[in-house]
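In the two complexes below, chain A is the common chain; its partner is chain B in one and chain C in the other.
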Partner chain A sequence: MATIEDLSKYVIKGNVAKTKKLTQALIDEGAAPLEIINQGLIAGMNVVGVRFKNGEMFVPEVMVAAKAMSQGIEMVEPLIVEGEMPSAGKVLLGTVKGDLHDIGKNLVGIMLESSGYTVIDIGIDKAPEAFIEAIKEHQPQIMGMSALLTTTMLHMKDTIELMKEEGLGNVKAIVGGAPISQDFADEVGADGFAPDAASAVDLCNSLLS
Partner chain B sequence: MTIRSNIKANQSTRMNVLTPEQCQELVLAAEEAMWRTGTNFHDEESLEIMKKAGCWVDGERVRVPAHIFEQALKTCQKHIVLCNSRTGARELFVEGNNSYFGSGPCTPFTRNPFTEERHRATRQSVGWATKVLDALPNIDYAMSLGIVQDVPLLISDRHEFEQQILHTDKPIITVCVDQWGQADCIKMAEIVAGGEEELRKNPFICLYAEPISPGVHCREAAQKLVMGAKKDLPTIYTPCIMAGGTAPATLAGVMVQGLCESLSGLVLSQCTREGAPFIMGGVYTILDMATTIFSYGAPELSLLLAALADVAHYLEIPMFGTAGCTDSCIIDEQAGIEAAISVAMTNMSGANLNHDIGYAEQGATSNLDLVVICDEVLGMARRLTNGIRVNEETLALDVIEDVGPGGNFADEDHTEEHIEENYMPKLINRAAREIWENAGGKTLTQVANEKVRDIINHHEPEPLPKDLAAKIRDIVENAVGHMPGED
Partner chain C sequence: MLVVGELINASRKAIGEAIKAQDKAAIQKVALDQWEAGADYIDVNAGIFVGKEADYLTWLVKLVQEATDNAPCCIDSPDPKAIEQALSVHNGIAMINSISLEKERYEAIMPVIAGTDLKVVALCMSDEGMPETADERLAIADKLINDIVKNNVPLDNIYVDPLVQPVSTKDTFGLEFLDAVEAIMKKFEGVHTICGLSNISYGLPLRKVLNQNFAVMAISRGLDGLIINPLDKQMMANIIIAETLIGRDSYCSNYLTAYRSGKFE
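Right, the complex of A and B next:
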């Protein structure tokens, strides 16, 4: 008989078909939905996170594992009472105004989703006002801004200031991108800076702990 | 006397990654991608130009019919020369199999060669870097090795250019923050050259723009390209793409994606002005799947760019390559390995104008010690490509006969006459252990750092006449910045 431990193994292997099949079997057997998620799907993904950090797994494998996990979660989600769905937190991401670069931001999004975060990606070339509007709509705990250029990174400060003016200072602001440093993050009043996609997850974890 | 007949000889060591048939396959695939998928232009003027030329424009998406690309390939200038800024002397022939090398632009950070501190690049750091580039014999041109950040950031490019033109007479490749910055830099270059016509005749600057992969030409890049074509100044268009991130994971797929982007730029350039000098660029590499960084030290970088050199030779257009850079955060063994492999391989591939010497830390920090080390590596790499001359004189049968078994070649006239055939290192240590120890037992990086300091303290570049320097200052002081995303 298949077990919840097997489910974790399929997630780690990134086997989407078997993850879905086993999730359905566990649902049919009457396993508790939250247990399927926490001890099966998310537990598997946690192992993936550790292995990635240790250099034993690589980005494409992490992505396919995350895909297996999220498809499993989608099947269990309708069975869970509203409000009990586990989530590490909600993060809103976007690239600042005048900047169309987004591969870094996208990688951060993938890493966060793989770690159980709900990610709202508002896209590229977003003015401070667009960030504010999206924060009001989605109410994330964390707002992340990306910039590749020393010229466009100037918009980060405007956005953080506007957040405070609008009374959204409780939302944590994080920044990243090639020209960004901890000093710059401090200067613009951000709550955090991460030098790469994987450490952005650690940063979010520590900001919400 | 030896009679030689129907002889084929290698003038240089040669390296090819692709056959002409494979180059054709890649170019045809890029033509297909330019038509089937197309690329996006976020610039009204460019959309107008391309529509008028017969490209299919649907919103921001531009699809280039094959005949328009093929026409652009015919009209673009194949012969591009970069000149000395003080004398106008024609120095770099960016064409054929000629390989020139220089630094890279736009690193946010730099390492101070005196204090070893890593900090944001400044006017002083770019001035120092340019002085070092000016002094080194194997460095052919200058890029800034830093974004000047102790000035208002929106006009940092004008300050960069001022520091460059004050500290070198070698050709300068200028990377501007936007079209307004580029207009100011061209103005400054025209002042130095003695007018618009003079600059066009003997250009000492080369312009630079890059698309955002995959397949997006932002407004600033497109405008810079259009301006370069209108001004008839050499313009580099260089996609910075990574396998598995902004391009397919397969290297052939990377080539197609990159060619599709840069050749769409070629089409815009030629549709703006037939004959505009265009240089096909590339920083093609991989997304490192363990760290998610854009790798400047991966073997695939050198492999892809040697392949791009094959394609450039096949298309008979000038190209801009990448070498002398490292992912290492300091100048250590890793930096030496990565920089040396890329310089040697790029030089053997015959890529024309090669940048990024001095890039450390995945291109985030410039390092002058690495520039000096690469100057030495270039000396070695160029010796490798000089190959072996085979003729009656070099076969040296008479000397072999004169010296005979058990003899000594060191004091022969023939040895003295040909001593320059072989490379004499400037930094590399070949001394016996005791002599090396008595000289301080230094590593290559330590010796390189001493040389950097010596150049900064003592080298005097060819000065720019004071009246010209004053006019340049005036433009820098009156420069107006434009916030990105705002008109």
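Right, the complex of A and C next:
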């Protein structure tokens, strides 16, 4: 008989077909929807996150595991009463103005979603005003900015300053990207910096604890 | 094959610190090592130093050329003022890295290169985002090449960078890049193609091996410029071998010279 532990294993292996099949079997057997998500799908992805951070698993493996997880969640979601779906918090992500890079940002989004966060991704090349507008609309606890270019990273400062001017200083601002350092994060007044996608999850956890 | 030595880049920690400390000897050693390893151009980048980029870039050009008996530099900056200042002390013909179809960068760099004999890297990127397919790259290259030529830069001085993206994030990214190299080299006879390689292996282990193999594959499609670490001996050996195999080495003389000088050991 299929078990929730098996489901975690298929997520870790990145086996999308078997993850879906087993999720359906568990639903048919009457397993609690939240348990399928938390003990099965997300638990598997948590293992992937740790292994990724330790250098034992790699980007494509993370991506296919995340695909397995999210397709499983999609099947279970309709069975969950609205409001019951747990969320570790809401994080808004975007790449700053003039910067078209999205791979790092997308990875951060995948890792956060895998850890139970609700992620709002506003995309690339976003001016400070676009971040502010999105924060007002979605009301996240954390706003994450990505920049891959030394020419665009200064827009992080503009966005953080505008947030304060607009009275949104209670939203935590975090930053990341190849040219970003802790020093730079301090300089622009960010609440946190993470050097990679897996560390970004730890950072969000500690900011919200 | 035109090799640009990529090591003098301020976003690499050791170089950033050496620039900050104004450590002449450290910079000059990296310059000379790359030059002796066979680099044709030495890239200089001081991008992380906001406000001081122009001065640092100029300082780097002077140091590099002093250490190498005037090796030409590849001036790596989006800022026309920083480029002009660095060019004012540069001896010989520099390469500018880079122009693209992104409006801001295009308008900043075109006046710097127009009507000059500078070499220029033309990066396949536009305000619409990063190209994913070979066709998208070719469309950007087409527009860039035509615009640059109209601004009186000969085709032979244009090095199109079709933009390498990580194969770890989409399995077609390697192939689309290779197809783009071939298409650009066929469609615009006389133009060059160049790329930095390291993006291809992002997110994967043993990146060096992936980079080395991808270089060979790109050369086999016509690539004739690389922005790399010339101190990577295997990479440099691979390049010589690939060029011999693809017919760019008359009577295999480069191959044999390299063999005799111990480059394959």
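Convention: the second predicted complex is superposed on the first by the 209 of 209 C-alpha atoms of A that agree within 3 Å, B and C clash if a C-alpha of one lies under 4 Å from a C-alpha of the other, contacts with A are read in each partner's own complex, and residues count from 1 in each chain.
Operating definition for what follows: a contact is a pair of C-beta atoms (placed from the backbone, for glycine too) under 8 Å apart; a residue touches a chain by one contact, two chains touch by 3 or more.
Here the structure is a predicted model, which means the values were calculated and not measured.
Enquirer: In the superposition on chain A, see if there is space for chain B and chain C together, and answer fit or clash.
Expert: clash
Enquirer: Looking at A:L100 after the superposition, I want to know if it touches chain B, chain C, both of them or none. Which is it: first, second, both, neither?
Expert: Both partners.
Enquirer: Which chain makes contact with more of the residues of chain A, chain B or else chain C?
Expert: After superposition, B is the partner touching more of chain A.
Enquirer: Contacts for A:D6 in the overlay, against chain B (first) and chain C (second): which applies, first, second, both or neither?
Expert: In the superposition, A:D6 touches no partner, neither chain B nor chain C.
Enquirer: Please indicate which partner A:F58 is in contact with in the superposed arrangement: first for chain B, second for chain C, both, or neither.
Expert: both
Enquirer: Looking at the overlay, does A:E133 come into contact with chain B only (first), chain C only (second), both, or neither?
Expert: Neither partner.
Enquirer: On the A-aligned overlay, A:P179 touches which partner chain: chain B = first, chain C = second, or both, or neither?
Expert: Both: A:P179 reaches chain B and chain C.
Enquirer: Does the superposition put A:D191 against chain B (first), chain C (second), both, or neither?
Expert: Neither partner.
Enquirer: Does any part of chain A touch chain B in one structure and chain C in the other, and if so which residues?
Expert: On chain A, the overlap between the chain B and chain C contacts is residues 55, 58-60, 98, 100-101, 103, 125, 150-151, 154, 178-179.
Enquirer: Can you list the residues on chain B that touch chain A in the complex?
Expert: Against chain A, the touching part of chain B is residues 42, 108-109, 120, 147, 149, 153-154, 156, 177-178, 212, 216, 218, 242, 244-246, 287, 289-293, 363-364, 483-486.
Enquirer: So in the complex, which bits of chain C are touching chain A?
Expert: Residue positions touching the partner: 11, 47-48, 50, 78-79, 102, 104, 125, 127, 129-130, 165-166, 168-169, 171, 202-205.
Enquirer: Help me check something: in the complex, which residues belonging to chain A touch chain C?
Expert: 55, 58-60, 63, 98, 100-101, 103, 106, 124-125, 150-151, 154, 178-179
Enquirer: Where on chain A is chain B touching in the complex?
Expert: Interface residues on the chain A side: 52, 55, 58-60, 97-101, 103-104, 107, 125, 127, 149-152, 154-155, 178-179, 181, 196-198.
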